[in-house]
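Shared chain: chain A. Partners: chain B in the first complex, chain C in the second.
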Partner chain A sequence: MLRYLARRLLWAVPVLLTATTCAFLVLHLIPGDPVNLMLSGRPASEKVRANLRAKLGLDRPLAGQYLYFVTHAAVGDFGQSFATGQPVGQVIAQQLPASLQLAGGGFLIGVVAGLLLGIAAGFYPNTTIDGMAMLIALVGISMPGYWTAMLLIYFFGLKLGWVPIVGAGLPVLILPSIVVGSFAIGNLARLVRSSIIEVRGEDYVRTARAKGLPERLVVLRHALRNALFPVVAMMGLLLGLFVGGGVITETVFARQGVGALLVTSILTKDYPVVQALILFTTAAYVFANVLVDVLYGVLDPRVRYR
Partner chain B sequence: MASDPIAVPAGPAQLGSRRGILAALGRARRYPVASLAALALFLVAAAAALAPAASPYDPSAMATGPALSPPGGPHLFGTDRYGRDVLSRVLYGARISMPVGLLAVSFSAVTGSLLGLATGFFGGSVDTVGSGVIDIMLGFPPIMLALLVIAVLGVGLQNVVIAVGVGGIPRFARIVRGTALSIRENVYIEAGYALGASRARLILRHVLPNVMPPIIVLATLYIGSAILDTSSLGFLGLGVQPPTPEWGTMLSEGREFMRYAPWLMFFPGMMVFVTVVAINLVGDHLRAALDPRLQGR
Partner chain C sequence: MGAGRFSRRALFGGAAAAGLAGIALPELLGDARAQGRPDATVTWGEDQDYATLDPRVTQSRHEAQAIMQMFESLLFLDTDGKFYPWLAQRWEYSKDGKSITFHLRNDVKFHDGTPFNGEAVKFTFDTVMDPKLGSQGAIDFLGPYKSTDVIDPYTVRVNWTEPFAAALTNLSNPWLCSIVSPAAVAKLGNDGFARSPAGTGPFKFVEWVPRVRVVMERNEDYRWAPAIFRRQGPATLKRLVIRIIPDGSTRVAALEKGEIDVCDQVPPIEVKRFQGSRDFDVIVGDVSGIPLSHLINTQAPPTDDIRVRQAFMYAINRPQVVQQVFFGVAKPAYGPLTPTTPGYWPGAEKMYAYDLAKARQLLEEAGWTPGSGGIREKNGRRLDIHFITLLEPDLEVAVQAAAKEAGIALNVEKVTKAKQDEMVMHGQYNMGEIRWVAVDPSVLDIPFFSRNVPAPGKFKFNWSRYGSPELDRILRQADALVDVKQRQQALAQVQKYVLDHALMFPVHVSIQPVGYRRTVHNLKFAQGYWQVLFYGTTVS
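What follows is the complex of A and B.
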């Protein structure tokens, strides 16, 4: 098990190194002088410019700059935001709780609804239940997230007034969570369905039935348990959907959060924040995937020895 | 099976004939959902092709009527805040979203397939490096790759194609690599080597045609999400820029007027939804047709 864990963690190293290099290069690949961006058009003397350049580390050779960036990034130091002058770490930390709440709400709704739909469709394939569940899944996959959000705001927030769309507290979280969850529902439901159909044809399910086990136990103890392995494997991918979902949902609902911060930073060319967010999000995604793989290895010992 | 020449399925040459049309309708009746989806897709494509003739107004002409007038009368889908005709803009929007989606997928399919062919066919150190690249790209959340491209290249139509396409590259590469790996072991490849065929010839004439079915299936499945991503970038202000009538950009403009003019967000969103549902349905059908393992599921 330790060997397996080590192998998975080792896989994360090149990804994170690439992410670091990409983040570093962002500031160097953009057309124009970063100092001009930092000054955002204000006139400045050559001395001020030279000072800024030194402060950004841009007066060093490229290799030195890279080393500086990596060593500082490793301890979470990304410099200051061009826009506010605050340390970048602080800017992100302020936005993080809102994003985590949203991701949590979305995960709960997406996974519960996706599982239920997939299980229902998988155990009654080619019936009306299956048809309805797969229709919902198709709609979930095909609806643009921002459009789902706007329709929900319009009907449940503005027309019916059932849920608040601004303010604080749990009720405000309902609609955004549904939107983030909807990114996962369709994919998950389809996966669970096909996985259950496959497992139901397996010999061990037939054996369980043949030995006279009640259908309820066959389903719970034998079919469902094995059918859910691919779902666990997909959890890491779901996190990617939640990252994307967060970017869009936070923008539509005008919520605080890391996703909205990323979009604003790209639009306002606040590159230190962009760099930090690229690294931060990728690192979170990579480690979540490692965690999922390890969990998968714990659940299914066959995986570890592959 | 082909003992009776009349039973051969209608080919393109027969489509014009009465029997060809009847056969096509018969097939359509057997797959009503997929046929309906194909029809919807055809209509969207027609809207894109015929937009200049079909739209009642110039999509960027302002004050074609009172600003924010509701659907009905001379403006079937209403007007926006500048008095531009929403129907005309939605029709012209198909000219952006469809080609951008197609181009983005072509970009991922071609780049990804080349990478997959090279790694799968050559193996060895090419495979080690190539697979590493594929794995690393898969390690990024897809939207991050798109935003990274936009952050470096800036906003604009051309960059959207690259941004949306980049995320698809590793997915195509992985599937093509897997297929190429198994094809490489076939006797006909060995025969090709023995006959002195060059590697390029082997790849292009013998491997590529055999990896085409999975590429086509993945491409159809990917077009829908490419159109969604394109419109999402437009919505975030990171894609096609106003006043170009792109569906996502239109939705973002309509967001401010949601309370007073909900039609501004309704129609462009509906177009994205219908297009993507239709593509996904056709894609699912195609996948089921090409993959015998999925039949009856």
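What follows is the complex of A and C.
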């Protein structure tokens, strides 16, 4: 098991290196001058531009910039943000807690609601319960996050006044978590449903019934456990998505977060921040995938790690 | 020579006042403090994120909203176009026009407790010029700055290498040229100061949570407000919070729910609703500077033909388009400067009034005849105008529909800033979109001076790509003339020239609609009509 983990983590190194190198190249290949973008349309003089170029290290040749980046990134130094001059680690650290909170909230709502709906639909297929559950799932998948967010703000924030819109504290996490979670609700519910329907036709479920187990135990002990297999794989992917993918939610709810930070940094070509964030999100995906593989083993004793 | 000598802006006041008609300026009450709650907090909903709070570094009018509550400049230029003493009590120009001597107040303290004096002025301006600081705005505002001599602790002489007509206007800028605490910079370093600034203003820095909020509190020692406020002593508000809320709908919802008290950039459709509401109201700033305009590329076909450019300008019914998009909140613009800008030339309003017949006639003369799909053609080519938009794509769709009436296909391409810059540098467009907030009419140099034509690797703003010695001459004249009447005449010539040659199609005056709860009083626009000053603000 430990050897397996070590090998998996070792494999992460070339993955991370490839991802950051690609990010570096793409960022420098797409047109746009970071200094111009930083000045956001202000008619600054050549003097201003030259000063900024030197300050940001953009006057070095591209190969030199790449070498500098790789050698420094290897020891955890991502340089300073072009926009704020702060160390990149600090810039990301400021945004990360909010992202993790949102990911946690969205994951909780998405997984709990998605599982419940999926189980209900899976055990009563082609009934009204199934129909309702799948309708909710469809809405969750297809409603654009921006629109869901506006509706929630309007009804629960403004009209009913139950939750704060941009205030502070835990309650302010509720609406954004629903928006982020709604996509997962839909996906999980559909996956769990089909998985359960499939499992219920398996021999071992029939055997369990035949030996006289009550239906409740058949479901919990035999069907559900096996049906969760593909679901766990999907949750791993969703976790990675949640951490980096809350851009719209972060913007509409005026929250901190690495998602909006990444988009702003790409648009303004804040190279150091983008490179560090790409590395970070890649790492989040790698980690989530390792976690999923480990969970496989816990759920299914037949899976062995070498 | 005292302050009065330099109130040349007052002479521009006529034009400025004409533009102000219809703006609901909040009243300034003589004894506002007695009426306000002394423990009140006001939260301002801001639409853009901040990167720095150092006035020497910033270029952002959004960051200015926080900066100008905490920092102050040598002199105060109000929206009435007059200069008032501020950190300097009086000032005089040298005979050669290359220096100004400022006599400073001796009773002012920075927020860190150190005294304000001539050394602080010298330190501020000298460090702005230091390449290591990376100044993005102030360095250009100081122009041909040479040095600052500290004559005695409270007298400084600021020197330029050549006569600099915009000096007083620029130094009055309440954010770009405001004075920083040298002790605080020495202690924190430049980057540290940018996140924990210390000035002399009525509010002190407390906290900055990136992408969320900037918190300020009342400076209890404040005793040096400019006379325009007609009150003295500390501000009435105890705390002032800037809350970053990028989305317009969320900002308005937060205002209605009471989570914020004042809100910038209220979407036009909400402005009318607020104006008729019992609990909320809106003040609309008609922003000074260059209106939202199309700069027309005179080098690329088909807009290299002046008849095509003029036809386009006649073809668009600006009052109607602007009414459609802004519901009557913004005014159509006709010239390169907005009416609240000093030196505005009202003659522009009589040029290019909507005249579809004339537009069609000009196109016929240029050889563009009606073709398939209602779009004109010439030698088998459609009349396509490639328009890149970054700022206001919604507006441009309305303009597109209007242009089609004359048989012009306005192809609107929404681009990112990076893409736009690249296309501009390589001349790959017929029209681009600009607007500027500016207080001095010398802003016209930026899009019209021949040295500002963009080229590969050189991003500049003369997007009409029109280099003319004649236009350069009158622009230079307008920049150098100290005599107010003569300068006004030169500026009128510039504006007429730009329109005569159809280099620019002005569309509408930029607006800053500020929504607020009716319990908040005395919101005052700073020069330029973008930011709001909170010194005199009270809450009932």
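Criterion: the second predicted complex is superposed on the first by the 240 of 306 C-alpha atoms of A that agree within 3 Å, B and C clash if a C-alpha of one lies under 4 Å from a C-alpha of the other, contacts with A are read in each partner's own complex, and residues count from 1 in each chain.
One rule holds in what follows: contacts are C-beta pairs under 8 Å (C-beta built on N, C-alpha and C of every residue); 3 or more make two chains touch, one makes a residue touch a chain.
Just so we're clear, the structure is a prediction, and the values are computed from it rather than from any experiment.
In the superposed pair of complexes, A:T207 makes contact with neither chain B nor chain C.
In the superposition on chain A, A:L158 makes contact with both chain B and chain C.
By the touch criterion defined above, A:D33 reaches chain C but does not reach chain B. Within the superposed three-chain model, A:S142 lies in touch with chain B and out of touch with chain C [touch as defined at top].
When the shared chain is aligned, no partner comes close enough to touch A:T21: not chain B, not chain C. In the superposition on chain A, A:L261 makes contact with chain C only, not with chain B.
In the superposition on chain A, A:V252 makes contact with both chain B and chain C.
Looking at the shared chain after the overlay, A:Q95 reaches chain C, while chain B stays out of its contact range. Of the two partner chains, chain C is the only one that A:V166 touches; chain B does not reach it. Comparing the two interfaces of chain A, the one with chain B and the one with chain C have residues 30-31, 150, 153-154, 158, 251-252, 267 in common. Touching chain C in their complex are the following residues of chain A: 30-33, 36-45, 47-48, 50-52, 54-55, 80, 83-86, 91, 94-95, 150, 153-154, 157-158, 161, 164-167, 251-257, 260-261, 264, 267-269.
Partner chain B is touched in their complex by these residues of chain A: 11-12, 14-15, 18-19, 22, 25-26, 29-31, 125, 138-139, 141-147, 150-151, 153-154, 158, 194, 197, 239-240, 243-244, 247-248, 251-252, 262-263, 266-267, 271, 274, 278, 281-282, 285-286, 289.
Those residues of chain B that touch chain A in the complex are listed here as 132, 135-136, 139-144, 147-148, 150-152, 154, 224, 228, 231-232, 235-238, 248, 251-252, 255, 258-259, 262, 265, 269, 272-273, 276-277, 280-281, 297.
Residues of chain C touching chain A in their complex: 49, 51-52, 59-60, 131-137, 139-140, 190-191, 194-195, 209-212, 243-247, 249-250, 253-254, 256-257, 259-260, 416-419, 421-422, 434, 436, 446, 452, 459-461.
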